[in-house]
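In what follows, subunit A forms one complex with subunit B and a second complex with subunit C.
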Partner chain A sequence: MEKPEKNRLVKNLNGPFIIYLLMFAVFSLFINNFFSAGNLNNVMRQAAMLSLVAIGQCFVILLGGIDLSQGSVLGLTGVVMGILLNNDVSLGMSVLLSVAMAIALGLISGYLIAYISVPKFVATFSMGGIALGLALVISDGRVVWGFPEAVRWLHDSEILGLSSVFYVIFIVYLIAFWVLKFTRFGSSVYAIGGIQASAELFGIKTRRNEMLCYAISSGCAGLAGIMAVSRLNSARAIMGSGYEFEAIAAVILGGTRRLGGKGGALQTIIGVLIVATVRNGLNLIGVSIYMQQVVIGLILIIVYILNENSASIKDTTTKLLRRRVAHNA
Partner chain B sequence: MANDTLFELRGITKIYPGVVALNKVSFDLKAGEVHVLCGENGAGKSTLIKIMSGAESPDAGTIVFQGEVCTFKDPRDAQRSGVATIYQEFNLIPEMTIAQNLFLGREPKKLFNSMIDWRRVRKDAEKYFDMLNVKIDVWEKIKNISVSKQQLVEIARALSLNAKVIIFDEPTSALTDEDAKRLFHIIGKLKEQGIGIVYISHRIEELFQIGTRVSVLRDGKKIAEHDVKDVTKQQLISEMVGRILGKEFNRTIQEPGKEMLRVEHLSSGKVFKDISFYVREREIVGFFGLVGSGRTEIMRAIFGIDGYESGTIYIEGKKYSAVKPRHSVQHRIAFISEDRKNEGLCLELSVRENMIHAAMPFMFKNKIIRPAQEVSFVDALIKELQIKTPSQEQTVKNLSGGNQQKVVLAKWFLTKARIFIFDEPTRGLDVGAKDEVHNLIDKLVTEGAAVILISSELPEVLGMSDRIYVMKEGALVREFSREEADQEKVIKAAIG
Partner chain C sequence: MPDRPSILERSKKILHQIGMNQALFTFLLFFFGSLLFIDQFAISTNLINVFRQGALIFSFSIGMTITMLLSGLDLSIGAVGSLSSVVAATLIISGNVFLGVLVGLIVGALLGLLSGIAIARFSVPSFIMTFSMMKIANGLSLEFTQGQSIYGFDNSFRFIGIGYVGPIPMPLFINFIVLLILVFVLKYTVFGRSVYAVGSNKNAAKFSGISYHFTIMMGYMVSGLFSAFAGLLLIARLGSAESIMGEGWSRQAIAASVLGGVSFAGGKGSIIGTAFGAMCVAILYNILNLLGVDSLWQEFFLGLIILLAVSLDCIKTIWMKKRDTIRQLRKISEEVVA
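Let's turn to the complex of A and B:
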């Protein structure tokens, strides 16, 4: 019985996956130094933070939402962790506390959205503003630095020849995959994204689950903040600015439907790889980092029009037809 | 079948603002029977099933379910107790598989309850479809299966929820004859399993095929209850219709003038086919038919909201085809939608703004608004239509339904419309407001307008119209003159 599901899984991945492979092939052929162990390792490193932020965003997008606060939460988490470290809190404790704070912020936005019906854009956008502001206030707008050695170790240590970052990501994705696929919570996320009103009738706690998704999204951004601190060995309020943009791009480029109900962890990995590879390729041919942003934005718009529109046009027509038939037969 | 009563409703009353939807209705359902509910639009059928399914709670009366008095908090609560409702619009999630939809939120788990056991989800889903004797790939997504299969999924879901009572709301309206036959077969099986079925349908023939008992509702009251084997179609129809209501309509009947609107052979897929009719100056043409017979859709097509596939429309003898509603507005057609709150008004805006916005191009030269002029126009209309509002600036959502409807009308007065299409203009209004709207329509006609009046309220159609067209399943089936039309004939044409 698992078989047909697996087939479908492959089918769902197909489009973005093929794009990725094509891109990989083209870049390997035409860009010097692209296909080298060193560079590919680089892609992975660049993708690390994004992959964490994106998987969090993926949960929110799956249920039909969007989280615009991730970048700022990332920065705030990093700054909080840095300040805790500088106040002689142990590494483990600072990580724990700062991630807990990120989750709490997500719970707040989630609560506002799910229970108080604050529009998701307003809630997460404002939360982003608040988080960025707080980070700037407590760091006084400066770089926080001077941490113990152990911080860098988080990022630089290797297990069996692979960066520990890789393991963190692997574990996070494994959990995400499992949650989405094998828990009632995960199944309900898809249902809510499918049709919220129906999901409610099925007896699903739509509000609670919606809130939890924002907490997950924010928590993942927090984890990425920790990763950023250990990589840079410093923390800055604005270090995550714009990350939500890239995360949303990755999630959607991977094939998760912007309006929810369809997609998942595997799709998100592909999306992350696409974004990271595009960036890397552009880097190698000397496109400035600012211009890269423009390119990714353009790609996103084009993919969205191709993907979503054709699907949604089809969807609405079938829906309309069905309604028509239902009303008139 | 066993004689135990599953469901018993006693003296159920439900009052909505301005309407008594149900007036001391009693209804009972035994295990293993199909109890059919029939009645005209607005007779109270939907309200009754809403109460049975927990979507609404009654204002008075008791509900006894399986021997216990109960109140359902919400549909979920009713479902858990064993009352499943299958509405015309299904509650399924299109992107998910059949099996997922069946067990959503209560998937069987494995490994110490830590994860969903998809193998069992599949097996259990198959089990329920086996019970229905239906072969189906339960791993297919809902969006890829036909409407009739989706309905089966709903039935399987009801079974999996251990439903004792299944309520079907117009289940055959979206089915082909063959699918309907299969559905009847399945309903027969459900009966054998001792499940009680409440069945609502406009198609009277159906109840003779599957019904055990039938209850007739009219104007929120229960009129009669029969064993299906002891009743004839004729008898049911006359019970649904009842006597002609004594209400008077003030109509000034005049000689109609020239033809304003003519429609020839208008068709749009299955929605309506080969529709031809005309409307003249100084006459009201009523359109009667059951909900879903295509009346509204024709008017939407004429007005340019939805398209049509073939046919011709003439306005004052000239060929016309609306691409967008604004073209129709320019041709001085007015469309008063049945959905006043969403399509007729901007509820958050003021009386003045609502009145003005359709008429902007007619009122002001050079596209520049002249506030003083605007205010005087609006003032004149508020007086003329006797709209009860503290000021022009009152937000429309704070007005009563009748006054809101008058604001909608005022909007079209300003566009100097000559052809008025009214879709259920008095729905949800109280008696006084209804009268006022009727008088306004009559006034329009005496002043030379041509009016199309769609209504599900037969007395309204009979009382107001000069001619009546009856629609059934997308086709115009009869035309009556004012003199020959009576309640029974019209209903018969619409249902028969």
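Let's turn to the complex of A and C:
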């Protein structure tokens, strides 16, 4: 007799969510100071920027791609915004212009990937080089600072006792959730990730949608860049380095994967929480920032292997179990 | 003798066989362009510098080329090279030059083998695996050195980097020998041929009995090995080892391979092409320096060149596909008419 299918949302969330809860429980039990309001607040703050970068990366990974340019785009957006501000452009205008520039960079690499079939990692990797180079050149390799007060207000202001950053993230994730679940564009993203050729045969505009995904990814990195500027009150070309890696880790740890159309916004937020919590826990037990990178890299690879091979692992285990049962009988 | 092909035709054929006409053309364009337009370029000290730089770029592009021939890529060459050379450096300053070199090479090969296993056995995409390997190796080497540089090598070790064989700088000499060996390996050994076979068509290679997993694993191991080799050459030349010295290698290596005519689709390109591509990148850096362009621009130009070269290659492929289809259609229509 077949079991009734569980609620799909719950089913897809299960694994990573349980891992997160377990990790949270273990950390709270064994690490001093982990379970305190100050520290949890800290985790949230660390997760804030990452969550924005990761939701962009999520779109691209669902397509079976990768965006290696996010860190550099983050830095470039911050530097451009800083320089615009220092040249007396209004805050709103400079935010708009710099995010538009980030989206334009994403559109360029997306165009190359989708229409000229440049390999995705080459296009985004060299776009990262171009963005980093531009950011270094226009900032002269220095820190850009001395912004008007209003910049910090973006980060420090509170609405109903919660930092306004939280609301920005909430809105972005709400939009991402809606787009991925309930729009034609969203379902085509899952379809393209599955099998591109058949998606094309079904009349999905695969090329256009692929290009748009890279633009979204870059735009999210740009938003994170603005958040970084308002948080640090300064901008540097290299301030985003490494974010693309953590974003990829977060998306994959959250359980998003290309084949089978698994994952989405909710999974990504859990992945972000896992990465931020791991970082925080390792920090508290005094693991150096370099080793944290090593640990996250190892976890990423192991989880990726388990994720992608879970079907075959399940098959083998059921086979073994069956053989055992047959043997006993 | 009328039926013998002319020298021009024959040399054209040979060039085509070696598969480097595009690479050679790019190199000659770069070389003579800078000879013509930039005054200080032709000075012998500068030229030797360019060749020395080119040799270094070639040494770390080897891994990228082989993995690209396998239709993957290795983003971890810089980090693996730095990690193995800081490990080697600590042994070398304690007096064991030979042991240090050996351990450095083994560390590189092992890390490469690890990514190879994950890519071949567990079918992790090469960019995700090698990108994570880059972060892992980078973190390990930073932890190992705590951000300090290691210096004070024995002269016998530094000879590899700064010595001369006759008038030829040692790194150039070593890399030339490596180039010859690799040309032989890729052309005439089972491993070399299976690299091309696996890269150009994975399934066909599988069905013709080539050990597909083994070839990929070995390919990434060789890539790690040559990253370590490049790291050792660099620390012998600089006289100090740092954990961040491999930053930017992967972009330079991609540029060298792509300019050398190695295709990301896999199975297309040659190691000689990469050698010419590496020279092109070295010349580019040299020109930027001579023209007094700020070194901050280098990353920008490198990215731009990669994008342009790869896009042109892709456009060429699309265009050729279109041409072939049109030809076929024409043939069919002619047959139908006839």
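In this section, the second predicted complex is superposed on the first by the 301 of 329 C-alpha atoms of A that agree within 3 Å, B and C clash if a C-alpha of one lies under 4 Å from a C-alpha of the other, contacts with A are read in each partner's own complex, and residues count from 1 in each chain.
Operating definition for what follows: contacts are C-beta pairs under 8 Å (C-beta built on N, C-alpha and C of every residue); 3 or more make two chains touch, one makes a residue touch a chain.
These numbers come from a predicted model, not from an experiment.
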| item | value |
| --- | --- |
| Touching partner for A:Val303 - first (subunit B), second (subunit C), both, neither | neither |
| First (subunit B), second (subunit C), both or neither touched by A:Val172 | neither |
| Subunit B versus subunit C as contact partner of A:Ile195, first or second or both or neither | first |
| Subunit B versus subunit C as contact partner of A:Ala235, first or second or both or neither | neither |
| Contacts of A:Val151 with subunit B and subunit C, given as first, second, both or neither | neither |
| Which of subunit B and subunit C A:Ala215 touches, first, second, both or neither | neither |
| Which superposed partner A:Gly129 touches (first subunit B, second subunit C, both, neither) | second |
| Residues of subunit A defined as touching subunit B within the complex | 1-2, 4-5, 178, 181-184, 187-188, 190-191, 193-195, 198-204, 257, 261-262, 315, 318, 322-329 |
| Contact footprint of subunit A on subunit C as seen in their complex | 73, 75, 118, 122-125, 127-129, 131-133, 135-136, 138-140, 142-143, 250-251, 254, 258, 264, 294, 296-304, 306-307, 310-311, 314-315, 317-318 |
| In the complex, subunit B residues that touch subunit A | 75-76, 79-80, 88-89, 91-96, 100, 104-107, 109, 115-116, 118-119, 122, 139, 143, 147, 172-176, 269-272, 291-294, 297, 473-474 |
| Contact set on subunit A toward subunit C in their complex | 66, 68, 112, 116-119, 121-123, 125-134, 136-137, 140-141, 242, 245, 248, 252, 288, 290-294, 296-298, 300-301, 304-305, 308-309 |
